[in-house]
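Contents: one structure, followed by commentary.
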Amino acid sequence: MNEDESEEPGGATDANDAGSPGDDLTHTDERGEVQMVDVGAKPDTARRAVAAGEIHLSPGTVAAIRDDALSKGDVLATARIGAVQAVKHTWETIPMCHQIPITNVETAFAVEDDRVTAEVAVETTGKTGCEMEALEGVTTGLNVVWDMVKAAEKDADGQYPGTRIENVRVVSKEKRSL
Amino acid sequence: MNEDESEEPGGATDANDAGSPGDDLTHTDERGEVQMVDVGAKPDTARRAVAAGEIHLSPGTVAAIRDDALSKGDVLATARIGAVQAVKHTWETIPMCHQIPITNVETAFAVEDDRVTAEVAVETTGKTGCEMEALEGVTTGLNVVWDMVKAAEKDADGQYPGTRIENVRVVSKEKRSL
Amino acid sequence: MNEDESEEPGGATDANDAGSPGDDLTHTDERGEVQMVDVGAKPDTARRAVAAGEIHLSPGTVAAIRDDALSKGDVLATARIGAVQAVKHTWETIPMCHQIPITNVETAFAVEDDRVTAEVAVETTGKTGCEMEALEGVTTGLNVVWDMVKAAEKDADGQYPGTRIENVRVVSKEKRSL
Amino acid sequence: MNEDESEEPGGATDANDAGSPGDDLTHTDERGEVQMVDVGAKPDTARRAVAAGEIHLSPGTVAAIRDDALSKGDVLATARIGAVQAVKHTWETIPMCHQIPITNVETAFAVEDDRVTAEVAVETTGKTGCEMEALEGVTTGLNVVWDMVKAAEKDADGQYPGTRIENVRVVSKEKRSL
Amino acid sequence: MNEDESEEPGGATDANDAGSPGDDLTHTDERGEVQMVDVGAKPDTARRAVAAGEIHLSPGTVAAIRDDALSKGDVLATARIGAVQAVKHTWETIPMCHQIPITNVETAFAVEDDRVTAEVAVETTGKTGCEMEALEGVTTGLNVVWDMVKAAEKDADGQYPGTRIENVRVVSKEKRSL
Amino acid sequence: MNEDESEEPGGATDANDAGSPGDDLTHTDERGEVQMVDVGAKPDTARRAVAAGEIHLSPGTVAAIRDDALSKGDVLATARIGAVQAVKHTWETIPMCHQIPITNVETAFAVEDDRVTAEVAVETTGKTGCEMEALEGVTTGLNVVWDMVKAAEKDADGQYPGTRIENVRVVSKEKRSL
């Protein structure tokens, strides 16, 4: 139970509120105007957020990635680097996000029979959470995979009938005092 | 049928190949090393790519976005701007993408009963396609929506049990000579 | 009286100096060479700076913005977002500025009969002030307004005879110990 | 008379319209939603825009800048570089601006008795105008001057009672066929 | 012999001048003020520049990179990606550089007994050369290698007594009409 | 002896290890996959790193820089600014670097008979070192010098037979408790 998440009043204002989502929007004020959230009075805490998602690919593409992974591995290396860079750039990608000091990023890409899965964990010591950073890492990491396999995934008309990014979610979000 | 997609040999090398995806990876060379694709010899053509996706939200959050949309509308305005900016930044987000002159971006966000859908169309006059730009617009636009409704979507433990980005896909990809 | 503003020796070195501006330039050393200011030995303090300015527009343009504000409001929403992003990018826009952790940004745009006014407040917890961030927010926010009303403001020759950004100033600058 | 400025319908839709500003907002569509302008069908033309503005300073500060200009000159050199960089970054600073190929930037800063004036000319060969680029160059260039003279301009309370950026305007905007 | 390099008058103003370098500075005007070069009147040409350099490392570090290259190869993959990204960012890294459309980047890193060598080729179709892009690719690529082997290269006092980047040069620079 | 450099285990794991470089690579994990280093558990310390390097130039070019330095000095002012900006951008240039709060940057460029030397000192208060920031400042600063003297350095064929960046090194690296 994260009782002092003043940035995110939804479930946090009252423990009895569990299960009933709040109805306030985080980044708009009482006039409906978009705003940054004031985090100046919040203490520094250690935060960790993990997000995950997957890209569905044709069997031929998965085989090509596996071949590459067995030899050089640059496809997944590029996705890992793209994910880390996206995490660090979240403050400019997501307009109302704060600049926070990222202390750790862990990326895990796995090649399954009909998809590549991505999991990105982000840690920070600061005044606000880092789930947006983890989500940006996942979606950009999966987009990088897409970019790397464009030739293999396209059909004869240059379209992508089967390629899909699915199931992008926040796996967990933790906070502990310093 | 886009017969001269030399960047993307998958379906393009042979028209008879329709339906059978190629097995080459776009951005790795014969040694498996990551590389940019040489587009210097390709003619300028008019390109358009449309991508789409959706974020599943709780009914309470959807109601809050609708209230906001009826009054100020800053939630979706922020998502539209985030999507346009993400389109323009694709060359630095996706490591192997080229800098291309974007001539048009159209964004359409729709609020449905249990989700917000996003569609982003990108047009360019250049030597390479723009589906990665459209995909970046969609995934970042949906992440911005997530960021704007964090308070409403979180449960009492600060988690997002029902929030999901799903069905991110390339709707269409076109090219015509100038 | 901010007695320990070692970064900014002008009025601060001596209280008797009030009213007589200092003659040192902040970012050039004794040889006249541009330099960053060393803030490593300065304690973290809570800072707030407010800047303001205005853009003069034709009555027809003001009416169009009011119509838009009554319905969707995307003109001013875009300006608000542009201002927030400019605040966060000041460290790269102004060459000698430090990267500082912005904890809060408040933007207020008001539509008057012949102008739009902008006020941007920035707060940080750090080793240096944030008036440059507030000024960047104001000037970029006003430039975004200009960009959004280009069609309405231009005369038949494509010129802007009456459009002006005026009165850009620092309204206040505060500092308090943590 | 620039008759084909389809991006900017204000004065351009009708030559008889001279003097009566249009009432359409450039970057919002019929639903009031913010949008980029489609420039794909526009021919490449040679464009030049000149913007100007000034920063009012105390006599002591002006004297300090003149001293610096006589020796090293890094104050104005930094402002020139900041202006050029701001011109090149306009596509990311102003949300709805296109990425355009800047072919030339000219900056002129002049030190007068109670102010520094800035004029920035921008040239491009492309599908859309460059007055926003020139305006960004002027306002950022003047903000850089402010940053460089903070110590000299502040009073004993750390405030800026007399510092002002004024009269930011588009001096001229030209277009000619290639 | 590149006779029309008006941007770079050094050797180009006169063919008889071969061997005697010019004495003009590219980016300062007659008053010594820094400026961008006007390339608006220059025709589009196909350009290619190749730069190279090397980082000297201890034998133990070279062995570690070779081990990595035999298995995953992420050290050199990261350097390749860093080099490509640096090429694309040159317009903001080098203040007076233009934004140019990069059509191709080729990177080649080789592991020798006591060093890693880097060669970066850049191609563009535009109005100005791309040797600065190639140089930025080489120096950043080598810095990325340094970053990846910090642990192996440091001595017991945390210093780098033997690590050196050397011999950074432009290997060739070509231009041909379109 | 910096005994707690857990980020950089090379020489630091054991004082007896002095002189024998470690064999671990900093940014790859046990599977050889590129990763950021977790610095969350490290205390904030005051860090300083100094890097240096030089660019070899023809005597005519050196004379032109000296002339410029005697009058306006914009060549070296531009290099100083480029170096400071490169220091601040290291977190995005070097993929696995953290965003750290730079508290001070000192740049020193010296014009010698056949070269320009650069030394860049960087200070931070944080959880990780700043030698990569200092190296980026040096290499980019020297590349800026190259860019500014392109006309003077090129021979009649547009090549750079004698221009070289050499001897880029970390001069010192210090850490002290707060």
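Order of writing sets the labels: A, B, C, D, E and F. Residues in every chain begin at 1.
What we mean here is this: a contact is a pair of C-beta atoms (placed from the backbone, for glycine too) under 8 Å apart; a residue touches a chain by one contact, two chains touch by 3 or more.
Bear in mind that the values here come from a model prediction, so they are computed numbers and not experimental data.
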Chains touching both chain C and chain F: A, D
Self-contact between copies chain D and chain E, residue sets same or different by half: different
Equivalent-chain rotation between chain C and chain B, CA atoms, steps of 5 degrees: 180
Between the pairs A-C and E-F, the one where more C-beta pairs touch: E-F
Taking each chain's C-alpha mean as its centre, the one farthest from chain B: F
Rounded Å distance, chain D centre to chain F centre (Cα mean): 33
Whole-Å gap between the CA centroids of chain A and chain D: 37
Gap in Å, rounded to a whole number, between the CA centres of chain D and chain C: 16
Contacts with 2+ other chains: residues of chain B: 32-34, 72-74, 77-78, 80-81, 85, 89, 95-96, 99, 101
Full enumeration of touching chain pairs: A-B, A-C, A-E, A-F, B-C, B-D, B-E, C-D, C-F, D-E, D-F, E-F
Complex contacts: residues of chain B adjacent to chain C: 72-74, 77-78, 80-81
List of chain D residues in touch with chain E within their complex: 46, 73, 76-77, 80-81, 84-85, 88-89, 99, 101-107, 123, 125
Of all residues in chain F, those that touch chain E in their complex: 1-2, 5, 7-12, 14-28, 31-34, 53, 58, 60-61, 63-65, 68, 71-75, 77-78, 81-82, 85-86, 89, 93-97, 131-132, 135-136, 139-140, 142-144, 146-160, 163-170, 172-173, 175
In the complex, chain F residues that touch chain A: 33-40, 91-92, 95-96, 98-101, 126-127
